[in-house]
Amino acid sequence: MSDQDVIQAAIDDLVIANHILFSEGIVDAFGHVTMRHPTRPDRYLMARTLQPVFVTRADIVEHDIDSNPIPRDAPPTPWERFIHGEIYRVRPDVGAVVHSHAPAVLPFSVAGETRLRAICHTAGFLGDGAPIFEIRDFAGDSSNLLVQDNRLGAALAKTLGSSMAVLMRGHGFSVVGASLYEAVYNAINTDLNARVEMNALTLGRVSFLTPGEAAAVSQTHNTSLKRSWEVWAKRAAGELR
Amino acid sequence: MSDQDVIQAAIDDLVIANHILFSEGIVDAFGHVTMRHPTRPDRYLMARTLQPVFVTRADIVEHDIDSNPIPRDAPPTPWERFIHGEIYRVRPDVGAVVHSHAPAVLPFSVAGETRLRAICHTAGFLGDGAPIFEIRDFAGDSSNLLVQDNRLGAALAKTLGSSMAVLMRGHGFSVVGASLYEAVYNAINTDLNARVEMNALTLGRVSFLTPGEAAAVSQTHNTSLKRSWEVWAKRAAGELR
Amino acid sequence: MSDQDVIQAAIDDLVIANHILFSEGIVDAFGHVTMRHPTRPDRYLMARTLQPVFVTRADIVEHDIDSNPIPRDAPPTPWERFIHGEIYRVRPDVGAVVHSHAPAVLPFSVAGETRLRAICHTAGFLGDGAPIFEIRDFAGDSSNLLVQDNRLGAALAKTLGSSMAVLMRGHGFSVVGASLYEAVYNAINTDLNARVEMNALTLGRVSFLTPGEAAAVSQTHNTSLKRSWEVWAKRAAGELR
Amino acid sequence: MSDQDVIQAAIDDLVIANHILFSEGIVDAFGHVTMRHPTRPDRYLMARTLQPVFVTRADIVEHDIDSNPIPRDAPPTPWERFIHGEIYRVRPDVGAVVHSHAPAVLPFSVAGETRLRAICHTAGFLGDGAPIFEIRDFAGDSSNLLVQDNRLGAALAKTLGSSMAVLMRGHGFSVVGASLYEAVYNAINTDLNARVEMNALTLGRVSFLTPGEAAAVSQTHNTSLKRSWEVWAKRAAGELR
């Protein structure tokens, strides 16, 4: 494929990712998914400010690593694009980022004593627990909770560290993947793990994945990411019941 | 726009609000949404007694501030219209009111020790907790729980005070907004906050929004209310999966 | 209307009731709804052994008060029809009966220390708590839990007493109404009350309806049963989103 | 019917079972259902590696009791087919097996102090509790949790013993039936029982089925398995609302 074909294929997938995340309840009118530019790793692709379910190819905008849209007179892009740019800056292993307010994950963002940890084999990427980003430590105690500049984005990326997911207190979470398929998979399975863990904790003492198991299941699942993607894409397109 | 155009546009939106609230599970065969008349602030618009999902333009009836339909021989309007009229009377900042029996909110109306408080950034309007209207204090201990006269409506409005939402014990809740878009947004996010808070409380000690955060997130969200509205309206119209 | 017209209208409603209860999740492949014969109060109408969602007019069979089908060579009717017949025998105020295995109600049938009580204004008919039918007391500790003869039906009806709903341990519940509309309404709101009460109890001390409130809200709601029915019927017919 | 007709009918049912399990939320892009070959009991039928919702007749592959596909150059079949083969080897009473990751069951797989037991009359097959397969005991503490060889399959089958369901820690469960209809019924009702038991345990002390009741209700339900199947098949085909 030519570079142009590669870029077009990436954009097509990014449009589908927007629709999948809406259809699976990970984003609603808000929330976003981005991917690193396939031929220019210092850039990333993100839909302009628009509800994910309405995104088309024409809505995808390039951004530089400082989260400036290219060209500068592009239509407005999300206030919180800095989440994405600052993660791409410090995590060369990351190829895509999802930011979500999914209701099942939110409880773990505000109940700091109970970590969101890998409890089932589809969520090994959570390891021994997602870190929590407490924005009060960086923006004071009267902020609007949004990560809307490079400084806050960098603080979030630092809290993420080498993890694959970071909870954002009272706000949501951000999750990454080596590829767009992996980030979407991880987003949907963060939500699943949260629901399972919440219910399991009501039943008594719980057995989480060991670090070795968490690593092993992630490796296994990452070999078949397209399998879930195909089902989700069909459902988002209204072709499944 | 002429006054008549403004009124027609308001009515169109009110019809859509009825359909959205049904489609999002906030009302079923019962429950209602009203808006202050756009050119006569001493009046409000409300559908006649009819299931919200069936409401059309022709079903919208003007009411005066005492909750009398105009004209007086209009078709019957809801028994509980006094909720709306008495709030409009004492809250000039309020442009729309939703009254709902949503099942996720009801538990907080009967469990007075646990306040429904702003826990996530889409529900800052709940502040440090919605007050609870205990109708026994006003109608005795054998009432049908309905707010069906001006006196009870005034008592409810007084309990609401300067809050944006009031829980009604064993019955439901009422929520307000500066605009129709804001009231619908607040209704749907009251339900969301209830589900998140209920789950979070099972996980241990919880961090709620500070007063400053609650105010800041509300201010931010109120700048993009149409973004959610457009998604909900499409879904109510059957155009989304 | 002629008697024949009255009977045909009753059968039409009974078919719709079957579809509503399936569509609202109260019955699945099992469960049933019956109504007292509109002109012969010592008989009742019930679909032959068939999944409720598939029931048509031709499937409705008359039964005498002993739960014999009329004519005797009618197609097979449900094993548990005795639930219905024995309730009609001792409760002249009852015009219709629903028997359901709805999953949200089942927990209250097995957790005898926590009564299913009227907690919200749409379920006043539950009063201060639905009695529990423990079939072990009548059929021993190795039964198949089914109420499949007149003796067990009579025992169930006795446990029901003057209540409107009876829980059946590990099995489901049966609920009655003066009319078919009321029984369907009560079935759906038994399920709703169970979900609300289950969640409310996790929040701390709870305020239930007083006996006076329970009576008053029932009286009020029974004046507008058709309002819910019309929405449910449209949804069952696939005409609502 | 000729043997060939019997086999074709079995394959048709197996295709429908795949679609039902997807439509009822028991499998998603992963999970599988198999049946013993109807004329060669030392073989079983299983779809090639493919999302269950996409399975057609052409995708069904024969396997010998060692879980080798026949012919050997058949398209790839699931890594975890050994779950099925090893159960068929030691359980001549088993005619079909479902393997699932259903989220409502997972909590019971990790909370070993709380057994998943028969609590309602549609899940008598769970008896006094499904055993839990702890793969750490057989594959060490850094495995990918998958049962992907004959040795692990045999260990799982041994943990299953004479039960009808076995939970797999952090992974899911496997459930069997004398027939395909029974295995599908048992899979869906394992999920239902888990949801009911989880909620019931929050209400206080709980009454489970006695061993005699569990046996009796299973015997009763196994006489009308097609009744549920027909509803599920219609829903999977998009013919029900």
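Labels for the chains are A, B, C and D, by order of writing; each one numbers its residues from 1.
Keep in mind that, in the parts below, contacts are C-beta pairs under 8 Å (C-beta built on N, C-alpha and C of every residue); 3 or more make two chains touch, one makes a residue touch a chain.
Values in this document were obtained by computation on a predicted structure and should not be read as measured data.
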For subunit A and subunit D, chains touching each: none
Chain whose Cα centroid lies at the greatest distance from that of subunit C: A
Equivalent interface positions on subunit B and subunit C, same or different at half: different
Between subunit A and its twin subunit B, rotation from the CA superposition, multiple of 5 degrees: 90
Approximate Å spacing (C-alpha centroids) for the pair subunit B, subunit C: 33
Centroid distance [mean C-alpha coordinates] between subunit C and subunit A, Å: 46
Residues of subunit D whose C-beta touches two or more other chains: 202
Each pair of chains that touches, named by its two labels: A-B, A-D, B-C, C-D
Residues of subunit A that touch subunit B when the two form their complex: 23, 28-30, 51, 53-54, 101, 103-104, 106-108, 110-114, 136, 140-146, 169-172, 198, 201-202, 235-236, 238
Subunit B partner contacts - residues on subunit C that touch it in the complex: 119-122, 192, 195-196, 199-200, 202-213, 215-217, 219-220, 227-228, 230-231, 234, 240-241
